[in-house]
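Right, I'll just put the structure down here and ask away after.
Chain naming follows the written order as A, B, C, D, E and F, and within any one chain the residues start at number 1.
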Amino acid sequence: MYSSSKPAETAKISVRAARPLEYYRKFLEKDVRPDGRELGEFRPTILNIGCISTAEGSALVKLGNTTVMCGIKAEFATPKTEEPSNGYLVPNVELSPLCSPMFRPGPPGEQAQVLSHFVNEVLNQSCCVRKEDLCIKTGKLVWVLYCDILCLDYDGNAPDACILSLLAALKSTMLPAVKYNEETEKPETDSVKTEPLHILSNPVSSTFAIFDDHLLFVDPTVQEESLATGTVTIVTNDNDLCLVQKPGGSPVTADQMNTCFERAFSRSKEVLRLIDEILHSIER
Amino acid sequence: MVDVLLSDAEKTFIIHGIQDNLRDDGRGCEDYRHMEIETDVVSSTSGSAKVRLANTEILVGVKAELGEPSSGKPDKGRLEFFVDCSANATPEFEGRGGEDLALEISNMLTRAYDCPKCLDLGKLCVIKGQQCWVLYVDILLLECGGNLFDAASVAVKAALYNTCIPTVTVSQDEGHVDIELSDDPFDVQHLDVTSAPCIVTLSKIGHSHVVDASQKEEACCLARLMMGVTEKGTVTALKKEGSGSLDPSSVEEMMETGKRVGQALNKSLMEVLCLEEQKGKKKEKTGFLR
Amino acid sequence: MFSCYIVTFCSPRIRKTSSMAGMELLSDQGFRIDGRKPKELRRIQCRLGVFNQADGSAYIEQGNTKVLAAVYGPHETAGGRGKALHDRVLVNCQYSMATFSTGERKRRPRGDRKSKEMTMHLQQTFNAAIMTSLYPRSQIDIYVEVLQSDGGNYCASVNAATLALIDAGIPMKDYVCACSASFVKDCPMVDINFLEESSGGPELIVATLPKSSQIVFLEMNSRLHEDNLSKVLDVAVKGTKDVYQVLDNAVRDHISEVSAFHKLDQS
Amino acid sequence: MSNSSKRSNLRVMSAELSLLSRPDGSATLFQGDTCVMSAVYGPGEVRINKEQIDRATVEVIYKPRSGLPGCTEKSQERLIRNTCETVLLSSLHPRSSVSLTVQEMQNSGSLLACCINSMCLALLDSGMSMKCLVAAVHCVLDFEGAVFLDATDKEEKGAQACVTFVFDSVDKNVVMVHAVGKYSVEQFNKCMSVCRTASADIFHFYRETMTKKLKRS
Amino acid sequence: MPTDSRRIAGPESSTNPYSFCTEKPRHDLLKNGKRQDGRKENNLRPIFLKAGVVSQARGSAYIEQNETKVICAVYGPREVVRKEDFSMKGLLTCEFKFAIFSCRERRQHQQDIEEKDYSVQLLEALEPAVCLDKFPKAQMNIYVTVLQNDGSALAAAITCASVAMADSGIEMYDLVAGCAVRVAGKNLLMDPCNQEEYKPEDETGLTNSGSVTVGLMPSLQQVSAISSKGEIEFELVKQAVAKCVDVCTQLYPVLQQALVKSVSERQNEEG
Amino acid sequence: MILFPKHSMSTTPEGNLGQRICHLDENIICGQGTYSKNGFVYSSRAGYLHKLQSQDDKILFEVRSNVATTTVPSIDALVTARITNVTPRFCKCAIMSVGRTLLRETFRGQIRKEDVRATEKDKVEMYKCFRPGDIVVARVVSLGDAQSYVLSTAENELGVVIATSEAGSTMVPISWCKMQCPKSLSEEFRKVAKVQPLFIQYSGT
């Protein structure tokens, strides 16, 4: 803090705001981040599954301050003629103006669109939900699962939070039992009985930020994202990789990529354990 | 809303006057301005009405079309309100400039008419769950001279009164359903609008409240209470509008006034409408040609 | 209005209605659908100064086509200095149709392609007629609202806007009068209505400055043989001159009325 | 898949520079049947709300062959833009804008790679200062784990994984990766090494194309 | 309807599975003086209210009334971008949204008419409570999202938004508490849940059927919002409003407590 | 289900929003965070009530909270801003903090040529006073127009506090109008504020 000649008046010059890059370098020299985390450390992850009862499946994820909620609504639709026994999975990410001053009201901006596409790719490529499982009557009636992911607090690393909330919500999804009446050609929904959705694999995302062209750290906050010279997102699918994305930015070596893979796989185990724990605690 | 600019002195003048039950155009606090109602003004509609309330001019056209009933009410017709603020009223409304105001008016009207007893929509059902009459009530705002909501609701009620819906006969053969409309201009059904609501807007100015505020008075008013009132005195919609707040006691007073004025308004409106209908085709059509 | 129409339901069984089928645009006796002679205009009724708040306003009925026009300005350009023109006034138009004005309900009063085109045409027409250089850096708004449409919307709009501009006291080179014409059975027809318009025949729309016989706007749709063009054009231009007579009378009546009022005021 | 379609090298590439007269640089690139046209404008004036005081603002517009751009195209656009930002020396042109339009002409596989390569050629054509060149190489993995370089659209459909790498011309490090599907780390690394080797061909192609252009003028 | 190219598109049309339920549950509003969830006519649901939940926002709050869950964030004061909105008084804007999965029926991405109507009502409920003259030339933006709607969403949103505004440190004349009541016959059901809320399509056959929502500034005893739906007898409207005013006054300590907590928490963080 | 965990109750601050503090009489002044209505003093903010004695023996009530107090630039307030654009007549800047409050979003401001320094106003050359990227401390002169606030650095203590040299390192002031780069030792012109960089603390560390 600095004070001028008149003691009553002060002007605060925050180096963090005025010179954020220098500020960060000072910390990273000592291999620690301003919020006290090590470079490979994720923020505390809090998971709440089944918090919205109007949705067929739902989950709330807090990754530090970043808060993301995923709600899954199931509806009936007629299948596409070219894939008569496939259901639909429609993921959308909403970065509403509520979650950060960066976002303005109106149609989704570039970041939201890119995120929606990312989630869509993960959902389709990982095959964690078989689209054939969503068929009620071939060629006539299938389920469409609208997976809407709503960001409530944006403090960086939305991809990881989105994928985690999506997986947790899918795992908690209970679809109402349906019978297809051949005579009336109309479905009959059971208002009480429900069936769980089969989840075949577990995609988990880990995002790394590259700082000053060489330093890699995991789970960036919003400020770290703005300072980073590049990011790498790795989505693991159990023991395989599902998606690796590095959208430009500082070049990385093959060795650095491999370090990221290792951390991503260990993160995947941590996250899956967490989901299992929470699901168990609900069942009990 | 369309604002007029007033100086503080002008505002004080109006506020003080209203305290003494004297308004700048000589009315008392519960008096409406001169209102002219004319029905059947646009021949391309099923029913229409034009209302001029001092400088406020509103034209309403009702078009009856066959459509599907809503899933929640399969055995009823539909009523759809659409408000268009014409740029003729003020350049501010050009393009999409009037949309906010238009939405506010149509929302208020939708809400006021959204109860089963206001209008018997069951009569508009043609085939349950499949075909019904949809009444598109299109409100065209042509000039703004204050108190748009009241004027719009009066015009809507008048236009609905004027609405003729052709008689339909449903015939069934070989699994096909034919709907035949009568082309006899006298073989029509009318709507019963006796219990349809009128909106009464009460503007709080100073410590008193007035009905039918002029534009100048609206500029002095921070909080308004809008009520949908039926002839019986029931309330079909209630809404506070404006950036000010109200005392619970004055809310009650305003509601009392609203009910009283609303009932009177409904009554005299029905009288006027009946009178006009009796004149029938004999009356000289004037429309905008004075 | 309630001429018999049938809605088929479930099965696409469309029964032709009786009233319009077989109707001829021009009967052998030389009468048109609405009973007019080929060179006869529809009845024009109009009034100036319908609104108090606008700087100028007018209402016109041409047969069953009814149009309201309002004029605001000249005033400061809206939307910042960027739009202002340094050497002349910006003529800003908006053409809008009431949702109930047409036979089938319109979903939107404006913003569709046709209204936008009409807006542009009006703008071009009045840019040519208003003495634009008198008010540099300002703006004049012309708003046209079609209340009921039965053909010749553009013509009625131009005529109404002319009256409104006169009511607003905006200097113009001349009245702008518009009229349409068609060509049926080797016979040019003036001031065509909606049925005649939608029959698929040629349609010629012209707006003129009647005193100097200058054409400020001309549009033609559909096919017309070159040899017949001048015939149809002549009829349409003649139509605009007739319209001018009606408008001029209305203006004179309005002015004498207003000035009588003023005299009353002064005495 | 028939053996004849198996490819361990890239499809034939051909490019035309400066086809368009309005932009400051443009390139049309064919990789097999895939064709992309890129145009660069700038450095030029920047919209005031996008102005950056220390460097040029890079804007990329990706135009699909038909229809409106959706989420997929936006995603594509961002990958191209970020790659472009990485290679451009944008701090040389503060408060200005560099705008790039990438038009998809035909997609017969390896579209993203073709987009980035054509973008790089367009930048070369415009004579803008760059840190390095970039080469994008696409490959697919089939279900037996074999790698197909520069896959066609048919091969992409039947693949286990689709991978696009972008390497820089200096250290041949990875500038951009987009890899989707189901694959192991080893497979990923194998793809990377195959693609890295193939990137040399692309850099060579750049050199040839530029030599041709400079000879002409 | 033009397709929204900025979102991942699903099938052209889809229908709610619960509209095909074989038997539709019917419930009586009141049975032996008790409501479906066991409450009495006058009882409210338990309220959980917490301020300061969104780290990126200037002020924020979250409210939970059993299954009704609303989150609100406030941003600003920020610059007014549009020249037409320039004024020496502060500008307040409000955007109300139902999350897509918040209701039994799937909601749309774009703001619909109901949400726009609620936005306006919320804005007019808060405007009288905020000292607008303290931030000339600037605007405050309020964003409200209903995460789950189990009735009385507008009332909860009013309460939540006023606490979020206070949490932002902007000066206010008073807080605003919201309360809703369902009128059915001669009964007044406070704080109705979704099944109890007035829906015009329900044929109840009652002469009085409707709902009233009131926003009140408790300390100043000023009504800042009032809205009703359905046809209600005049005397009952009066009663309903009076009752809402009463309940809002009772809610005041709950709002204050939430604020106190957030203030003292921040004190602890910094001190 | 509870989305956000509940916390235990803590002490009640005295001034809560909307709460009536006392009767208003001539000996009472409404300070920050309070307002008067209908003869009472009310609190307009959630925070801690402070009762202060003013110079003329009057009682001043203030409600203070640790949440930002001043959030918009007001006349006479000290602000820090980053220079974004320099022209011969004025420079544009983005206001980052007001008083001690850091803003989440910046406001636009401008320093006109005649407000750069107190003396020899007509000899000011803008390019020798500010460069884009500099951090300055300035005072708000007026709320300006819709575009920006008008700022002034016409005091010794006001002016550039942090600046980067062409070589890219943070410069050290060497006189009231010059700064020096520690790396390249080149000197650059600035309107330097009279404050040593030592006094600028790295807040947050």
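Here is the rule we use: a contact is a pair of C-beta atoms (placed from the backbone, for glycine too) under 8 Å apart; a residue touches a chain by one contact, two chains touch by 3 or more.
What you see is a predicted model; the values in this text were computed from it and never measured.
J.: Looking at the contacts, which chains touch chain C and chain D alike?
T.: Common contact partners of chain C and chain D, which must touch each of the two, are absent.
J.: If we define chain centres by averaging CA atoms, which chain lands farthest from chain A? Would you check?
T.: The most distant chain relative to chain A turns out to be C.
J.: Counting C-beta pairs in contact, which chain pair has more, B-C or A-F?
T.: Result of the comparison of B-C and A-F: B-C.
J.: Measuring from the mean C-alpha position of chain E to the mean C-alpha position of chain F, what distance in angstrom results?
T.: Roughly 36 Å, centre to centre.
J.: Report, in whole Å, the distance between the mean C-alpha point of chain A and the mean C-alpha point of chain D.
T.: 28
J.: Between chain A and chain B, tell me the centre distance in angstrom, where each centre is the average of that chain's C-alpha atoms.
T.: Once rounded, the distance between the two centres reads 49 Å.
J.: Where in chain E do residues touch at least two different other chains?
T.: 6-9, 53, 56, 69, 75, 78, 83, 147, 217, 220
J.: Send over the residues of chain D in touch with two or more other chains.
T.: 70-71, 74
J.: Which chains are in touch, pair by pair?
T.: A-D, A-E, A-F, B-C, B-E, D-E, D-F, E-F
J.: Touching chain A in the complex: which residues of chain D?
T.: Going through chain D, the ones touching chain A are 70-72, 74-75, 77-79, 81-86, 163, 166-168, 171, 173-185, 188-189, 192.
J.: For the complex, which residues does chain D have touching chain F?
T.: Chain D residues touching chain F: 51, 53-54, 94-95.
J.: Under the touch definition given earlier, write down the residues of chain D that touch chain E in their complex.
T.: That would be residues 67-71, 74 of chain D.
J.: Would you tell me which residues of chain C are touching chain B in their complex?
T.: 1-11, 13, 19, 45-47, 50-54, 57, 59, 61, 64, 66, 68-70, 72, 78, 92, 94, 96, 98-105, 109, 111, 141, 143, 145, 147-150
J.: Hey, which residues of chain A end up touching chain F in the complex?
T.: Spelled out, the residues of chain A in touch with chain F are 1-5, 9-19, 22-23, 26, 34, 48, 50-51, 60, 101.
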